[in-house]
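Look for chain A in each of the two complexes below; its partner is chain B in the first and chain C in the second.
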Partner chain A sequence: MGPALDIPLHVKYIQSLGENKDDLVYHLTAHLRMNAVYWGLTALLIMKHKDALDRDEMIDFVMSCWDDEAGGFGAHPDHDAHIHSTLSAIQILVMQNALDRVDVPRVVKFILSLQQDSGVFAGDQWGEIDTRFLYIAVNALSLLGHLHELDVEKTVGYIRRCRNFDGGFGAREGAESHASQVFVCVAALAILDRLEEVDQDMLGWWLAERQLPNGGLNGRPEKLEDVCYSFWVLSAMSILNKVPWINAEKLTAFILSAQDPEQGGIADRPGDQPDVFHTIFGVAGLSILGYPGLDDLDPVYCMPASVIESLGLRKGWTALPRRQV
Partner chain B sequence: MDESIQLSSKLGQLLNIPPISIELLPGDGSEWLLSAPATHAPFLFIDDNLGVPHKVAYKAYLQAVVRFRPARLRDGPDVASEVLTSTAVLLLVNPAHQTALNARKRLVLAGSSLSASHELRFTDALLMMREGAKQSVLWAHRRWLLRHIYPLAPLAPRPSADVEPLSQSQGDGVDTLFGLALDAPAFQREFSVVERACEAYPRNYHAWAHRFLCAEALVALLHFQRASHSEPPPQELVEVLSEERERVREWIERHVSDYSAMQYCCRLEGLVRGCRVNAALGRSSAASAEVYAHALELVKAFPGHESLWLYLRGAVSVSLPFGSCEERGEKEVWELIGVHLASTGATHESVAAHAHAVRFAAWKIWLVRAHDSSGLCGR
Partner chain C sequence: MHNVKRVRYSAEALAAQRQREKARLKEFQSLTGEVLARKQRKDHSREAFDLTTRLLQINPEFYTIWNYRRLVLLNGIFVESTPTQINDVLSDDLSLTTTLLKQHPKVYCIWTHRQWCLAQVPDGPTASDRNGWRQAYWNKELFVAEKMLEADPRNFHAWTYRRYVLAQMPVKRPETADLAFTKRKIESNISNFSAWHQRSKTLTSLWDAGKLDKARSLEEEFDLVRNAMYTDPNDQSVWIYHRWLVGPGEFVIGDDKGLLEREVSSIQELLDIQPDSKWCMESIVFYKKLLLRRHGDSLGDDERGKLNSECEELLGSLQSVDPDRHQRYVDLSRNHHIV
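Coming up: the complex of A and B.
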């Protein structure tokens, strides 16, 4: 039968993450801190334990990362502003009902300034481009209620250029199809109501081929299974209304087997060290698969479905029905 | 000076030489250091190869965090050395530390403490390490530096309307090599750096993406860098391209699970086919038939590998716009599929080969149906 999802243990695990501020690991992950807080908070919400982390402390942390010169958020105080940490900050504040703390016009300006002529977005002033940043921009603008300021044709035009012969999408033109890049392109198109740009059968097939005999999903052909693909692949399938193309039972069992029964949290695969990244994406995957006891997750935004619905941003995705037991 | 500050200073200095290679060594390095010269202890520095024991690296990292914080946003020559030292240590242990990388870019821009070529060599060393090799920010950093080292090429204006108009950056801002006047040694160096990074971290996504950007830039130079389109493209660049196509196929033969290499190989063919370089390379439409034949030969030899069947799909896809399927050894492929579909073998390889053959057949049929209206394939 296998283990059940040990929600109380995972909640404790997430709570413990901020504790050892002198740890080497804490310093080595400072450049991801804002993202980590977003991952932790989202996981707690889906597991129905919103109050497990202090709201005021979290909001104060987010605001301490505001870079007033750039008009965006960094990952940690003393880290440069970047579009990725900016999105995570917005997502956290939305989930904490504290978006009023954000200087919305300045953030919108920062985001829009990063769009390039080709339609792709850079991550920051230094110019690295990636379809991830395009999705981040579209996601953030929609959460801030400023999507109307985006040049949609230009943005969609770039995604179209990244469509590969196998129906998948890469980080940029000429890049290999990769499940996480597929997710960002498909989710961006969903927000922009342009899913007709996707060859849905071909891509659905490519995504279904990510499932391995052990039930886990990989991100590219002949790579190892990894729990985080339970989100990247599954959410794309959900947006394409093709979750039934994946063997749900086997995937569920795989995710559950990657839990750490002692310290809590979920790892990339069974037996490895857990981390908050794989914890949220494992829980997110389980939610889409209808695992009992979890709240619905919106696969387009990777945030609670109720939050996205209340903002009027819900799109036409389908998840498996929530099982009662 | 405090002992631990001395540690990060010493390490920072060695890193900024820069070494030609850097390796993190297990533990505290005590076994190695017994026989190593004392000058660089607790580090190993032999023939420009730097060895840093893990435990020492972590101690130095924590110091570098403290030193970088005040230095990060200040300007001036006194701060430059602090930034150079602390960021080098930060990036050694944490090559994803984007803020440290940004600070080094600022130093390059300031013009005196760090040259772009020097920084490129430091990046070479970081990209040879497993953790460094997979960081997209380091590859973008590389391209940013190359744009500071090499001028833009004088690209000839489009003579005809047979290709889409593109600006010098293709509209991708600064994260591109398109239009840069890279020379043959520069391209060869980039392809080598990619290969080393793929050895350090197999299936290296961003390394292969970088390789494609280099190939695209190379083909663009061959296609456009002439005063008039009757002039032949520069021979040494033609040779680099020819060599690159050979190298990738050799790499594939040595790495039959490396789908990243295979999809790159197909894209390279697409680039070559899509421009006028073929004549210079002395090839015709036989070019993509070669990729197809290469893929088919490998699938026959190693039918249990999913990647090889996908390589075959890629080879078919890149050939499609250029010719009918009959030229592509259709018969051979269907025979091969037939063999595996009929197989009742129980070995892991036979079972896998059967599954891949089924999927390939389904894909082929789907493709025919999808292209039926354009009449590309008879079946």
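Coming up: the complex of A and C.
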């Protein structure tokens, strides 16, 4: 028997992240702050400790990142609006039941303005394209109740052109299949009710083969394992109802072995420095694996299932049954 | 954070580290404050440009500063410059990103900026040679992308960038050169699935354009992959590629039934030498099921029954050889008779 999930320690770790303002690393990661708040809050909700971070302070922070020129959210006050930080802001406000603070029509306009002729989305006005940004747009429009404004055929057409012979999807047309891009493409198709675009047997095979003998999952063939793939791979498997195709017990043990038993938090692999990114994706993976004491995570939106259900957005995914302690 | 070992420091060591970081932190914060203030007041001067260089050298992931740098170029520096001067500035910016990529090969912002710079290259050097500058850059870009792939043959940023460069070059390189490139990559490491993947794209494109004899090149690919299978039967790149060669129906040429039977018996030979090879077993099951699906009508009842029971037997062995994926084999076995 390996270690259990040390929820109180991880809650403390997430709380401590906002208190390290003398650390250089804290400032060097300012461009990820909005995402980090979303990762931290989601992890807390799944661990049933929503109140560990102050709600009003969090909402004020989110609103201080509004970029009025662009009509979206930046990652930090005075940083430019970007589609990624905009989704994180919306997710935080939805989880805090504070979406009324957002100028929804303007955000919708910002997001839709980033769709390219090919159907993919850019991250901002500078034109970097990626299927991640496409998923972000679909997710955000869905949470905002404006999915009807999206050109679905054009969007799905781009995803289809990113599908590779192994059943997976890449970041762009022509790009190699990668587990995180598989997650974004499959989840976008799930939101758009277009899962028939997926070669489910082929992709299920490819996803199941991500598990390595030590239980961890990798993101591409012949690469190393990493805790964050616990979410990218499992979420797609859960959407395709194929979680039982890997060894849940071994993956659970691998994620738990990457915990920092002293400071809290989860790392990419055992013995490494933890961070909030791997903490949420480790906890998310454990939730899908039915780990006891956690709340259900919706693998399509990477938010608590109860929140997504209350919005009427739940899709037909399945996780493993929640185990009792 | 990836691949950073956890180290426990004593309270004293931690305090000493804080002290050392203090000066760097102060510099970073004041530089950030100054650059963001200039951005706010739309300062598009050379001075502002140089400050963004300093800041990006400290933190190349600071996307807002890259955005600001591009605004300074477009609204300030380019406005006052001749095409030759613009070309020189872009050349410097490409050198900056080259240096940064060596230290940070997976930072999206750097790759994005590089691509943006190339799109800005003006016509020149002369009216009669309008693509001269561009072609010189593009040739160099291919070199840079391939250098990055030498350092890390799986870096998907570099592969994506290389595909972009090949598609954009004013004077295109023949696609067949890509077959030689991917073959070199595969031969130096057969586990490099990125190279196998790229090869599948190049071959498809060449076949679709009618630039390559499909039947003959397919046979060459089968030879290549068969050699790789024997080199390391546990390498999944090879098996995934083989599945593509056989094809889910879209590449069928000539005698498909004969091809499937030939590949099954070739894998069977390998399985006889390596009786525990899960990849051999899994592939045989897949291809036998394909045979049943595509050619079931032309097979006799006996033959169908035999193929089905052989698949069942292999799926049973797979459950014990590959217990982590036990449930998948159970599910495949259940679905088996549907075909």
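Throughout what follows, the second predicted complex is superposed on the first by the 325 of 325 C-alpha atoms of A that agree within 3 Å, B and C clash if a C-alpha of one lies under 4 Å from a C-alpha of the other, contacts with A are read in each partner's own complex, and residues count from 1 in each chain.
Everything below uses one rule, namely that a contact is a pair of C-beta atoms (placed from the backbone, for glycine too) under 8 Å apart; a residue touches a chain by one contact, two chains touch by 3 or more.
Keep in mind that this is a model prediction, so the values were computed, not measured.
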Quiz item: chain A superposed: clash or fit between chain B and chain C?
Solution: clash
Exercise. Based on the superposed arrangement, let me know which partner A:118 touches: chain B (first), chain C (second), both, or neither?
Key: first
Practice problem: Examine A:105 and indicate which partner it touches, taking first as chain B and second as chain C; both and neither are also allowed. | Solution: neither
Quiz item: Once the shared chain is lined up, is A:245 touching chain B (first), chain C (second), both, or neither of them?
Solution: second
Quiz item: So, A:204: does it touch chain B (first), chain C (second), both, or neither?
Solution: second
Practice problem: Based on the superposed arrangement, let me know which partner A:267 touches: chain B (first), chain C (second), both, or neither? | Solution: second
Exercise. Using the touch definition from the top, say if A:31 reaches chain B (first), chain C (second), both or neither.
Key: both
Quiz item: Should A:226 be classified as contacting the first partner (chain B), the second (chain C), both, or neither?
Solution: second
Practice problem: Using the touch definition from the top, say if A:275 reaches chain B (first), chain C (second), both or neither. | Solution: second
Quiz item: Should A:292 be classified as contacting the first partner (chain B), the second (chain C), both, or neither?
Solution: neither
Exercise. Look at the residues of chain A and decide whether chain B or chain C touches more of them.
Key: C
Self-check item: Shared contact residues on chain A - chain B and chain C
Solution: 24, 27-28, 30-32, 74, 78-80, 82, 124, 126-128, 164-166, 170-172, 174-178, 202, 209, 220-223
Quiz prompt | For the chain C and chain A complex, residues of the former touching the latter | solution = 1-8, 18, 21-22, 24-25, 28-29, 32, 36, 40, 58-59, 61-64, 66-67, 70, 108, 112, 116, 154, 156, 159-160, 163, 191-194, 197-198, 200-201, 235-237, 240, 243-244, 248, 323-328, 331
Exercise. Give every residue of chain A touching chain B within the complex, in rising order.
Key: 24, 27-28, 30-32, 74, 78-80, 82, 116-120, 122, 124, 126-130, 164-166, 170-172, 174-178, 202, 209, 220-223
Quiz item: For chain B, which residues are in contact with chain A within the complex?
Solution: 58, 61-62, 65, 69, 72, 93-94, 96-99, 102, 105, 136-137, 140, 144, 167, 169-175, 203, 205-206, 208-209, 212-213, 216, 257, 259-260, 263-264, 266-267, 305-307, 310, 313-314, 317-318, 359, 366
Quiz item: What part of chain A is in contact with chain C in the complex they form?
Solution: 22-24, 27-28, 30-32, 74-75, 78-80, 82, 124, 126-128, 164-166, 170-172, 174-178, 199, 202, 204-206, 208-209, 211, 213, 220-223, 226, 242, 244-247, 250, 260, 262, 267-268, 271-275, 277-278
